[in-house]
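Pasting a structure below so you can have a look.
We just call them A, B, C and D in the order they show up, numbering each chain from 1.
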Amino acid sequence: YAEGLQGKVIGFSQIGSESGWRAAETSVTKAEAEARGIDLKFADAQQKQENQIKAIRGFIAQGVDAILVAPVVATGWEEVLTEAKEAGIPVVLLDRGIEAPEDLYLTSVASDQVKEGRVAGEWLVANVGDKQCNVVELQGTVGSSPAINRKQGFEEALAGKANLTLTRSQTGDFTRSKGKEVMEGFIKAEDGGKNICAVYAHNDDMAVGAIQAIKDAGLKPGSDILVVSIDAVPDIFAAMVAGEANATVELTPNMAGPAFDALQAYWDAGTEPQKFIITESKLYTPADDPQGEYDRRKGLGY
Amino acid sequence: MNRSLRPLLATTLIFLFAYMLAVSQQPAMLSTRVLGNFLTDNAFLGIAAVGMTFVILSGGIDLSVGAVIGFTTVLVAVLIMWLQLHPLVAFAIALIVATAFGAVMGAAIHYLKVPSFIVTLAGMFLARGGASVLSPDSIGINHPFFSAVQKSYILLPGGGRLTVVGMIMLAVFAVAILLAHRTRFGSNVYALGGSETSAALMGVPVARTTISIYALSSFLAGLAGVVFSLYTSAGYSLNALGVELDAIAAVVIGGTLLTGGYGFVAGTFIGVMLQGLVQTYIVFDGTLSSWWTKIVVGVLLFMFILLQRLVFRAAPRRT
Amino acid sequence: MTAQQPVLEARGIDKVFGQHRALDTVDFAAHAGEVHALLGENGAGKSTLIKILTGAYQPDGGELLLEGQPIHLRDPLHGQTYGIGTVYQEVNLLPNRSVSENLFLGRQPTRFGMVDRKRIDAAAKDLLSRYGLNIDVRAELSEYSVAVQQIVAIARAVELSGKVLVLDEPTASLDRNEVQRLFDVVRGLKAKGLAIIFITHFLDQVFDLADRVTILRNGRKVATQALNTLNTTDVVRMMLGKDVAFDHHPTALTGGPKGAVRVQFQGLSRKGLSPFDLSVHEGEVVGVAGLLGSGRTEVARLMFGVDTSDGGQITVDGHPVTIRNPAQAVAAGFGFCPEDRKLDGIFGDLSVRENIIIALQAKLGWFKALNRDDQVELAGRYAEALDIRAANHDMPVKLLSGGNQQKVILARWLAIDPTFLILDEPTRGIDVGAHAEIVRTINRLREEGLALFVISSELDEVVAYSNRIVVMRDREMVAELDGDSIAPDAIVQAIAGTPPHETREARP
Amino acid sequence: MTRPTVDLRPTQPPLPRPRPLAHFFTRPQVIALAAVLLVNWLLFPGFFTVTWQDGRFFGSLIDVLNRGAPVAILAIGMTMVIATKGVDLSVGAVMAISGATAATLVTNGIPAPVAVLAALGTGLLCGFWNGILVTVLEIQPIIATLVLMVAGRGLAQLITEGYIVTFSDPLLIFIGTGSFLGLPMPVIIAAVLMILATLIVRRTALGLLIEAVGVNRSAARFAGLSANALLLIVYTFAGFCAAISGLIVAGDIRGADANNAGLWLELDAILAVVIGGTSLMGGRFSIPMAVLGAMIIQAMNTGILISGFSPEFNLVVKSAVIIVILVLQSPLSSRLFRRLPGAQK
């Protein structure tokens, strides 16, 4: 890398460490920063927006060169970002966009969560063909934006397909154990699982839990019940290797890399980066060398 | 000096000492900007903690405040954005709803003889659930009134800002100090915390006071919600998750005994500021991982309480 | 006097707790300008009747009349608005608030809606000085001893009583001077035309102060009579339903202790309490006398390891022992009936049986549990020995009457078969019959070779059972009387020292 | 420092005990459980169907027992803490620590039995720490355990470094998902622990002494009880129970999820204890009733899962059920019940 970011002080306000994916994002960000010689100030908000705002204010008071934020929620950033703007500190959003005037941040590096859900849904639509298929859904935390958007995208993909019906939908709080518990309940409620043809989980962790519940019920995940989920964490590839998971949509934990690149270009050459840098929502199936993917990701800090 | 003021003094000294220590590590923390941020960023917590102080003084606990804050932000957002009400009208409605909610909890605690821990736990589920039923998604609030409020602040020398929400918190503390220490209601609250049986026999209207205490706590949680919505211009059902624990910690760090009957509203202010200090210090330091953040917050909480115990020890009383 | 309409009247009052009929069609009337004593054994229903008269309980039958008008009292607050001021048997004040706040709670003078602290403090100081109490009224109530708290409770009730003043055993923890001062105040109120209802177990006080007496037995009214028609024996007979050989002024013991030194305390001290030496022999009762706040309780706490001493040593039967907490004291064979029954003695929610066996169980350890039969037997034995009146031994002890609770604690310590027993005001709130019983018990224990250390504010009583009397003043042991020198007058002189002072400062 | 208040309201002294079994079935908790199960059955007619499959029982009812086991185990420890007038907010975090310890050790090649012992050991240690704070430093229980609640999860994450540590060790997995006599291991463990704990506290004097400390700590001291030693034991035991729960939860998902394991379960455990009739003011306690309380909560959760309501309503339903149970248990309604014809005089 060029000199550009060497010695720059950049604050990073992370949501928390609620999942393996989040931990991976943190460690990738730290690694990227280290590789570029950035002095990264890290602040964990423990899932609270107010803590993120405090952190950003703290960064401003400290006079950092730039701020990265992974916003916990889409709303409520205008005031504090205005403050950052007045202090002349560029802000880059990670993971998701926010509802605020676009001039308040330099750029946003994010995935399209609705698209993630849609990709997952489209895979399912393509795979079941015309067969009658009852789908159950494991939602993320009620009210969280990935849960809302991934549900929406998935439903868009299923819209108009009469043979695919979403029969049950409950929250598994993005965790393995709740995913397992909810799936257990679904299986009991749907005639021992015979009425379920596929499960769609808003993240891989819940899918891993669901897979165990399916196995415990004496069914075969991956064939008796199809499993499709989002995130592409290592453990879901392990499940694919075992033939127990069918598809996952990647959400890359490397949001910081493009963000740093954009900052560097902005500082070095004054180029305004494009406002929305959308990361790829790549679909992985057992055909995509799951063992290799597993090995590649294992070290990333998931 | 009145001996009972000692814990208050001790807490204040601990705060000053901790602040000096932080400044010696991070000189940038000594600025009006940081001080202004203390007030603004902790305004909702401070307001909620005032309500919690009254509840704890009376020997109870209120686990619902975080949820009530969250619910209020959603309600305010819904009223303004969906029903097109003026923010002030929305605030009034939200505060009335919150107050009524607290009054019902207080009535349940008194008449059903269920411990406050459990009643307010149910209240917490209800308020959180109610918020997500209203709208699981976050609702941004766009209203000229909000922008106007956000843009009005007093500029302090050195670039700090004393914002409207910060001033609301200071005003709440001022009023609450008078309420706790200078009114009959305040005396009754302390009386309940000392001994409910005695208080009843001494003619304290127990039912009315209990209901008022929880109504006040929820009212202040509602006000904290209003402040939160001003602070973020949004309503969101998951706002202020776990704030009740922060508020309890602030109250206790401020020298109020959880068993009720002893403590100061002013101490709570210091407790809130101490928590703000810890967080700001961690942000300024910027090297702590997610887990170390938790550990350090826990350890500092422990140290503050330990220091206080030592001060308390210095003033023994007969058991 | 009785021809007038009563100020407060109760007609046919019933009160039932579960299956226990605490009051059975009781009539009671208090007239203006009289002191009406309410007497009865422990558990006779006196406190229950009081609570109904003041609104703390609702009667199950009968009616209340205030100046001829039927009233329904919802709660004590409601009672207060009718001018009924009450001192309940258990001190019911707020330990966490200042003395002045305790005096004025609920009727604080306000200025612009704000409580006027200065005025309250001044008024409180003024008020208490009438009872000879010059204390810092801004200090927390809990910093003062039970006696001070009792005076505060009385002062508060007197202020609240526009028409009726109810005093449920107000003198239980007061010494002679306090009692006289209280009586002066009461006589003043009587002259002002208040009706005063007075409960006590001290019959001499009844004859000293009261005009009429109502006697309850087992929840029924036995009689209401003018006192000048009665003598002590009549009253006792009506209370107990039988004649008892009631030795009202027992004479002092003669002869020294029977055995060798059992426990010896040398140079025990604590901040503010002068170091003291004391040894108690087998078969000896050392009585302790002193004024309120003279440090008697403190000495007892120190002996039992409740407070740790700053220095000194303790030997039991010649062997040195360490006592830094009560558990060690119990292990060394000590027992201690504390002065504050409600706070330090009673496990309110536990049963009578469990309250009796708990110390023995603690001594036996966690794993040698007393089986149920043994528990029932032990509880039964001591309940009988001390005449504890309870519907059954599985009921929570908090439902017992005050005097019976006191006996339960005594039973608890007798059950561990101690070698050295400390009793702090053991007869507080105990009725005449049981009082004689406890004095007899103390004497019997002494005969059996126990060493006892007994604190009491009743001089007649200390004289009755002590081989030796230690007098305390200003947290120091100032005199020791034994043999023939033991007599109430001698004690009074020792307590007063020379010259006797008018008012005492009770330190916070 | 506050005086124990003596309840002045006239209470009913205990009546001569009715026959135990009849007594059991008229308890509000049992009625509540029956009601919740009934509602579940109405929502889902197959609810009570239990089949034999792969050498074990299978069905929703079994799920309720199995899923309720972790909270039930927490509630066993929590009951005793609450009986001493305390509360332990750290049990959820301790679960995370214990799971993280076991998982990290086995993935580093330490034999599973050692890892399990180490996990239980950390639980004991955490509980002991709480006990020291409460006794020696005299910090109020809520705050003392709040420290570990906050810091403990951080410690767990420190051990796992934020990963979900997945393992395939058969012993750990057996603890979470195995079965014995046809019943899931968690159920067996919870039942054994419940019976053992009940026997220990009721056959020795511990139960009575714990109650005495809870009712009046000052009086307990005067009666020569070593209140501090008892409190230490009680908090340590609560930590131990949390560690067992942590192992079960980790074994169940074959991984230690330091971020989410046991999250907010302390509240469920406290709720279970209170529903089981043990007062937060300390004193009388019942371990089996607390376990029953945990089962009520789980039956309710399972009911919500299979009800098909949209998840936004979960919390509202949960709070409504709690409110109904509280009203049922309140003295107000028991007074009403007593008035009903047929009830005892």
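Brief remarks on what is shown
Quick note on the criterion: a contact is a pair of C-beta atoms (placed from the backbone, for glycine too) under 8 Å apart; a residue touches a chain by one contact, two chains touch by 3 or more.
This one's a predicted model, so the numbers in the text were calculated from it and none came from an experiment.
Hopping across touching chains, the smallest step count from chain A to chain C is 2.
On a Cα centroid basis, the chain most remote from chain B in this structure is C. When every pair of chains is scored by its C-beta contact pairs, the maximum goes to B-D.
Annotation: 34 Å between the Cα-based centres of chain A and chain D. Taking each chain's centre as the mean of its C-alpha atoms, chain B lies 44 Å from chain C. Taking each chain's centre as the mean of its C-alpha atoms, chain B lies 30 Å from chain D. Rounded to a whole number, the gap between the C-alpha centres of chain A and chain B is 33 angstrom.
Counting partners per residue, chain B has 132, 136, 193-195, 197-198, 200-201, 261-262, 289-291, 293-294, 317 as the residues that reach two or more other chains. Annotation for chain D: residues 1-3, 6-8, 157, 161-162, 218, 312, 314 touch two or more other chains. The multi-chain contact residues of chain A, meaning those touching 2 or more other chains, are 17, 23, 26, 142-143. Taken together, the chains touch in the following pairs: A-B, A-D, B-C, B-D, C-D.
Those residues of chain D that touch chain B in the complex are listed here as 1-3, 5-8, 87, 133, 137-140, 142-144, 146-158, 161-162, 218, 267, 270-271, 274, 279-281, 312-320, 322-323, 326-327, 329-332.
Remark: chain D residues 44, 46, 53-54, 58-60, 63, 67, 157, 161-164, 166, 177, 249, 252-255, 257, 259-261, 263, 302, 305-306, 308, 310-312, 314 touch chain A in the complex. Partner chain C is touched in their complex by these residues of chain D: 1-4, 6-8, 10-15, 203-206, 208-209, 211-212, 215-216, 218-226, 283-284.
Across the complex, chain B is touched by residues 11, 14, 16-17, 23, 26, 40-44, 46-51, 53-55, 57-63, 73-79, 99, 141-145, 148 of chain A.
Residues 2-4, 178, 182-184, 186-188, 190-191, 193-195, 197-205, 261-262, 317-318 of chain B touch chain C in their complex.
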